[in-house]
Structure formats: C-alpha cells, structure tokens
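Here the structure is laid out as structure tokens; the discussion comes afterwards.
The chains carry the letters A, B, C and D, assigned in the order they are written, with residues numbered from 1 in each.
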Amino acid sequence: MMRKRIFEIIETAKDDDKISSIYDAVMLLAIIISIIPLGFKQSFPIFHYTDLITTILFIIDYFLRLITADYKLQDRSAVAFVKYPFTPWAIVDLVSILPSLTVLNPGFKLFRLLRIIRTLRVLRVFKAFRYSKSIKIIARVIKNSREPLMAVCTLAICYILISALVIFNVEADSFDTLFDAIYWATVSLTTVGYGDIYPVTTAGRVITMISSIFGIAVVALPAGVITAGYLEALTESKEKHK
Amino acid sequence: MMRKRIFEIIETAKDDDKISSIYDAVMLLAIIISIIPLGFKQSFPIFHYTDLITTILFIIDYFLRLITADYKLQDRSAVAFVKYPFTPWAIVDLVSILPSLTVLNPGFKLFRLLRIIRTLRVLRVFKAFRYSKSIKIIARVIKNSREPLMAVCTLAICYILISALVIFNVEADSFDTLFDAIYWATVSLTTVGYGDIYPVTTAGRVITMISSIFGIAVVALPAGVITAGYLEALTESKEKHK
Amino acid sequence: MMRKRIFEIIETAKDDDKISSIYDAVMLLAIIISIIPLGFKQSFPIFHYTDLITTILFIIDYFLRLITADYKLQDRSAVAFVKYPFTPWAIVDLVSILPSLTVLNPGFKLFRLLRIIRTLRVLRVFKAFRYSKSIKIIARVIKNSREPLMAVCTLAICYILISALVIFNVEADSFDTLFDAIYWATVSLTTVGYGDIYPVTTAGRVITMISSIFGIAVVALPAGVITAGYLEALTESKEKHK
Amino acid sequence: MMRKRIFEIIETAKDDDKISSIYDAVMLLAIIISIIPLGFKQSFPIFHYTDLITTILFIIDYFLRLITADYKLQDRSAVAFVKYPFTPWAIVDLVSILPSLTVLNPGFKLFRLLRIIRTLRVLRVFKAFRYSKSIKIIARVIKNSREPLMAVCTLAICYILISALVIFNVEADSFDTLFDAIYWATVSLTTVGYGDIYPVTTAGRVITMISSIFGIAVVALPAGVITAGYLEALTESKEKHK
C-alpha cells in the first residue's frame, strides 16, 4: 500500500492531492534549476551546489519510479521492474542524471549534449497543464491528427530531399555538400530564408521559385490538418457537454 | 444627473448621440496629434504647442473619467473613486500624461518610453469601430478563443525557450548570450529569418532544420484555432439572425 | 441595334459568341504586347511599331466603350455618356493610352508610371476566366469576405504602425526615418524578413520578438476568414446543385 | 496469362501478393541506389558498378511494362503497345535510363539534368503508401481541390508577374533584368525573403509593403482551399464508414 501511495504522489495528479501537487512543484523547480547553468557560458560556483541537490532529487525520483514500475506499466508481475528502465521516459530520466555524476570537465561536448537531454524532462511539466481544458483539446487534436500529420511530415521531408538533390546538381558552386543543399531546402520550404545560402545562377533561381510556390501547398497541408482536427475536437467536446 | 450625462458622453457611444461622437472624434484627433512627434527625430517648435493642448485635453478627460468612476465600475459607493485610478485604462491614461508634464529634456530615454505608452491610447480608437459587424465578429473570435490561444502561445514560448537552450549549448560560438539564442529562435519560429544570426556548424544546422519543421506545426495551431473560432462565430451570428 | 451588338461584343462574353471571343483575344494580345516593353531596360525599334498599333486599338476600344456607355451603366439617358469617363475602368483605359500619345522621352519617370497603370488592363483578362467554376467560387469568397478582410487589413495596418512607432523610438539608431520603421514592421509582420534592416539593441530585439509572436495571430486571421468564406461558398454551391 | 501475372507483379500491389511486394522493394532500392551518386561531387569507382546494375534493372522493368501495356491502358488491341511509350510515366522511365547508357563524361551538364529526372522515379515509391489511410485522404484532398488549387496558383503567378513588372520599372537600379524582379517577387510573396535582392528606394519599398500585405491573402487562399478540401474528405470518409 505504501508503494501505491508513492505511485499516486509521483504520477497521478488529482485535484485534491496536496502532497502530489507539492511533489510536482518541487520536481518542476528542480528541473528548472538544473537547466539554468545551460543558459550561461561560464560556470558559477553556486551551480555546483544546485547541481548536487537536483541530481540527488533526480536519483530519488528515479528509484521511486522504478519501485512503482508495476503500477505504471499495469503489470503486477516482476517483469515490470525489468521492462521499466527501457521505457522512453525512464531512459530520459537516466540520461539526464548521467552528466552530473561525472567528474569530467563540464565543457566536454558529449556531456553538454547529455545535459541538453535534461531539457526533455521539462516535458513532464506539461503534466501540470493536465486540467486545462484548452491544452486537453490541443493535445487531443495533435493525438487524433497524428497519422495525417506524420503523412504530411513525410511528404515535406521527401519534398525537401528532392529539392535539395535537384539544386545540388544544378548549382554545384553554391553548395559544398548535399547537407548544405538539404539545409537550404529546409530553410526555404519553411519560409525562414536566412539568406546565408541562396542560389545565384538563373537555373538555381528557377528551381527556388518552383520550390517556393509548391512549398506553400506543403505548408498549407498541416494547417488544414490541424484546423480540421481542431474543429472535430470542438464538436466532440460540445456533444459531450450536451 | 450631470455626471451621468458626462459618463454617457465620454464612454457610451450610441448611434444617435452627436455630442458623444464629437467628443470621441476630438479625443481621437488629440491622441493622433500627440503621437506625431514620436515619428520625428528632431523637435519642431510647433510640437510644444500641440503637446500643451493635447495634455490639457488628456487631463480634463482623466478627471471626467475619475468623477464618473462609479458609473464605469457599476459600484455606487465611494470605493469606486479609490479603485478607479488602479484600473488598467486609468493607469495608461495617467502614464500617457506624465511625459508632457515634465520640463526635462525630451530626448531622455525614460520619457520617450512613457510617451510610447501614449500609443496605447490608440486602442481607445477601436471603440469607434464598435458598430462594424466584422470587427464585432473578429473581436468575439479572439475573445472566445482566448483560452486556446493562450495555450498555443504558452506552447510556442516553451518551444522557443527549448530551441534556444539547445542551440546555445550546441553552437556556443554563434550566440554570445542566451538572449541571442532566444531572439534567434523567435525570429526562426515565426519564419521571419532576418539572417543577422544563424547557425554555421552542422550540429547547429540540424537543430535549425528540426526546429523549423516542427515550427510549422506550432504556427499552424493558432491558424486552426482562429479559423475554428471564426467558423463558430459565423454560425452563431447566422442562427441569431434567423 | 448596331450599338447593342457592339456592346455585346466588347462586354458580354457568351459561350457561343465567336466574334466577342475573338475581340477579347485580340484585346488581350494587344495588352500583353503593350506591356512587353516594360520588361526591358533598353528600347528596341520594334517597340515603336507595336506601341503604335496597340495604342490605336486601345483608342478604338475606348470609343466603342464610350458610345455604348448607356448599356454598360444601364441608364438609357444621355447622362450615361457624361458619367462613363469618370468610372474607374474608363480612367484606367484613358490613363493607359496617355503614355503612348506623348512624343516625350519614354525614359521620363512619370511616363513609365503611367505605362505601369497599363498593367491594370491585365485585370480585364480575368473576364476570360469567368466561366471557370473555381475562379467563380474564389471571386465569391473574396467578395463575400470583403468586409471582414477589410477589418483584418485595418487591424494589420494599425498593428504595423504601432510596432513601427515603438521601434522607431526605442532604437533610433537603426532607423533613419519613421518610414524605415514602417517598412521594417511590414517586412517583419508578413514574415518576409529580408534582413536589410533589423534591430541590434536588446530593447529593439525584445520588441521584435513580441511583435513577431503577435504577428502570427494577425497573419492567421485572414487565413481563418478566407477558409470560413470558402467553406461557406462550397456549401452554398452544393445546395444549389441539389 | 504469363503476361497478366507479370502485370500484377509490377503494377498491382495487393496486400497478400508477396512477389509483387518484393519486386516493389527491389525497384525502390534500385532507385535509391541510382540516386546516391547525385549526392556527391566526386565520382567513386563503386558508382560505376551500382550504375550498371540499376540500369539493367531499369531496362528490364521498362520492357516488362512495355509488354504488359495493354493491361495498363486497358486496351486489348495492339495500339496500346504503340501508345504506351508516349505516356508520361514511360517517358520518365526512358529518360531515367538514358544518362547511364552514355559513355560521355558524367560531368556533362545535360546528362546531370537527365539524371535528375531519375529522381522523378521516386514518385513511384508513393505506391508503397497506397494502403495508408492518411495518404489516401491527403491524395484525395489534393485531387479534389486540383481545380481551385490551379486557379489559386494562376492568381499567384499573375500577382507575381504584375509585382515584378511594377518594381522593375519603379526601381530599375536594383534589378538588372526582369527575371531578377520575378525572382524577387516570388521570394517575397512566399515570404522566404533571403535578402539577396531587396528594394532600396522609397518607391520600391512602398511597392514591397503593398505587395507583401496583399501577398498574405494570396498565401491564405491555398490554406483555405486545402483546409476546406480536407474537411470535406474527412466528412465523406466518416459517412462511408457509417
């Protein structure tokens, strides 16, 4: 029963469960504090202490989650405890602890990257928004439209790759590697257009123009998918409240 | 009764209330005239006179609004007169008078900023559009969709912060401070892409590409929310007229 | 009756009226030929001949339209012939003839501008699309949504002006005149972002960020209005065909 | 009957037809392998072997498709075999074989271009997605909205040409040729805005501003068309499943 209560505290967030809310707030604060050093180039001494405290909190959180894995996975056998460390969230949790455990130079590239993974923990924060009706609807829209959005995304990526391949062969002088061309195609299709790479030959410009015009349709597709999904979610939501 | 009539003139704008319309027009003209000096770098002598006249008008307006505060706040007790100066509009009104009251050098930064706040008075102008059916519908759309728009806005801001944090750590050489990274992320997500700051390393470019593609979804969300809200408002508007 | 037939030829475009279709095709060709010189910096001798021929055609067209003005304006009295030259299309027609009548140097600025007005004649071309069901629907959408689109446009222009005024006062060094600031605000709000003018101070960047994020909502509004208008037009179109 | 089976293998893709699936996979792999050399500037020796193998596969595929042309065109007479090589897909297939048949220098421009056409074969890949419900819906949306999308595209192209013509005459110094102006107009209307070409005079900037603001409406049109088409497709899809 003790483990069930722990699970309720760390995972379930009922409106009237004060301890669970406090636990969420503390962990959220720990995540934010652990991210702050990422926003500075130099290292202040205080960061060592905050890092120590937040790491201990993350380790405790990790073990609490591990010992309640059977509730989480809704699998009462011992297998749950073996399976849990390989679930996506458990991996994020573990990886976000790793960089703080090292005594290596924190400027070391790999460890900075591991530290960035910690930012993924911020996603847990969205649990706090769980009771917001708006977030609920938006989450449902994205979830329901997941399949068409993936299809649109696949289309967009194919479109980017073909555009990149064509421009790379038509205007080889402006693009050193294929990656440059893919970067250019992505920045152009999404209409960001920094202007760091752009075609200079007439052939390259013609391709840019065709690519941009069709690109509008590619950008319009997700807008259409999301709008339709949102309209549907609103209608469903209304029918439920009738 | 005198005070009630004053309140009607400065606040209510009935179709057939000539004096109220004239008052609105005069105040609108005063606001526009008081803003004109903001559009010039040098100071012309005439600006001193226009500033004097418009400031006197603003002070009169402020006092007229103050003595009719009980009508405005629909609270007939004396408390209304104490509460009124702390309402948002009253603060805007007061702040927009302040810069003209000073004898300080008008080039002084803070006073330019206070003067900018005067531009907020322009929002009062929208009162004039009150009878336009279109503006009414658009206002209703934004009001009804306020909650999901706030949610979308929160999502966008979280997305910008995470993108900024990641790029700041991956490509430290292009971004001096975290603020630079946040500015870059905002300009990229909104697809403005000036090209004053952009990633140059491969890792940075990969993050830019991922960020831009997901950014389209973030931009598509408000479009979906507003379209759905507008469709709903149109349907409601039609049903009302049946 | 002769005049009625002329009116049918130049104006009405029935499916089975061969002569009218030929007239339209000839005029369209004349408009396109008369525009070609605008696409070149130097003047070729052939342009003098094409200009002569197209101008004569335009003059004949102008007089044919003038003598059938009573049919056009559906006003059988003589007043129609006086009113017609002041209708927008008649002014465009007249102005597009003017630059060719002069013996002045064609490089002269004003005459280039008059010649540009000739491009407006191209709008007559859209008459040819009249029978396309799609163009009909799109035209109806824009016509029906004219009022809310104007409202959205007004909002966008107000938003641009306020953004420009604020940035002009906050970051005076990057913007020489208010016009520069308005140009910057327009290019930013529409997310074009050339990168020729951009803020460099922290205050200016903060304003850019706020301006860009709210700008998405401003851009999403016309998308919502047009989508809603298009959906309505589709529904109407279906109900008609039932 | 042998030929009917071959047609089923190369063309039809039933869920339970293993050989057809394998054929599709092999051809897809061959297409991808044949495209890889396009992503490199230098030529590796292995590319000669992969080119040889994939070309042989493409030739076999071409002949298999040719001898089953009567099934494909649903025309049992001999005419089908004459007509087939002139269908769009057969031309793409033939053109994509051509560059590999040559013994000419592969750096030769024309042959690079022919090789790019091979990328069009990738479109055959989409056959693999045929059973995805999402892709099916998106394909139906684009197909059903083909006519209005073409109309919107025509409008956008007219808009680009007029903008280009006007800016080319108003600000001749920034644009060397009309093509430059058309490129600028396309990059601006699609809001990419690289910043490689932009107006510098006041007149040019005013045109840019007007062009950008109306451009939003032009960009909003395809979004509206696609959203409406998608909503319709969703409704139809639901009604079918009732």
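By our rule, a contact is a pair of C-beta atoms (placed from the backbone, for glycine too) under 8 Å apart; a residue touches a chain by one contact, two chains touch by 3 or more.
Per UniProt, the chains are A, B, C, D = Ion transporter.
Bear in mind that the values here come from a model prediction, so they are computed numbers and not experimental data.
Enquirer: From the centre of chain A (Ion transporter), which chain's CA centre is farthest?
Expert: The chain lying farthest from chain A (Ion transporter) is C.
Enquirer: Please state whether the interface between chain C (Ion transporter) and chain D (Ion transporter) is built from the same residues or different ones, using more than half shared residue numbers as the mark of same.
Expert: Different; most numbers are used by only one of chain C (Ion transporter) and chain D (Ion transporter).
Enquirer: Since chain A (Ion transporter) and chain B (Ion transporter) are copies of the same chain sequence, what is the angle of the rotation superposing the Cα atoms of one on the other, rounded to the nearest 5°?
Expert: Result for this pair is 90 degrees.
Enquirer: When the centre of a chain is set as the mean of its C-alpha atoms, what distance in Å lies between chain C (Ion transporter) and chain D (Ion transporter)?
Expert: Chain C (Ion transporter) and chain D (Ion transporter) have C-alpha centres separated by 32 Å.
Enquirer: Just give me the whole-number Å value for how far the CA centre of chain B (Ion transporter) lies from that of chain D (Ion transporter).
Expert: Chain centroid spacing, chain B (Ion transporter) to chain D (Ion transporter), equals 45 Å.
Enquirer: Find every residue in chain A (Ion transporter) that makes contact with two or more other chains and list them.
Expert: If we look for residues of chain A (Ion transporter) contacting two or more partner chains, we find 191-195, 219, 223, 225, 227, 231.
Enquirer: Along chain D (Ion transporter), where are the residues that touch chain A (Ion transporter) in the complex?
Expert: 35, 38-41, 112-113, 115-116, 119, 122, 129, 132-135, 137-138, 141-142, 149, 153, 156-157, 179, 182-183, 186-187, 190-196, 219, 222-223, 225-227, 229-231, 234
Enquirer: Write out the stretch or stretches of chain C (Ion transporter) touching chain A (Ion transporter) in their complex.
Expert: Those in contact with chain A (Ion transporter) are residues 191, 193-195, 223, 227.
Enquirer: For the complex, give me every residue of chain A (Ion transporter) touching chain D (Ion transporter).
Expert: For chain A (Ion transporter) paired with chain D (Ion transporter), touching residues are 147-148, 150-152, 154-155, 158, 162, 165-166, 168-170, 172, 177-178, 188, 191-195, 198, 200, 202, 205, 208-209, 212-213, 215-217, 219-221, 223-225, 227-228, 231-232.
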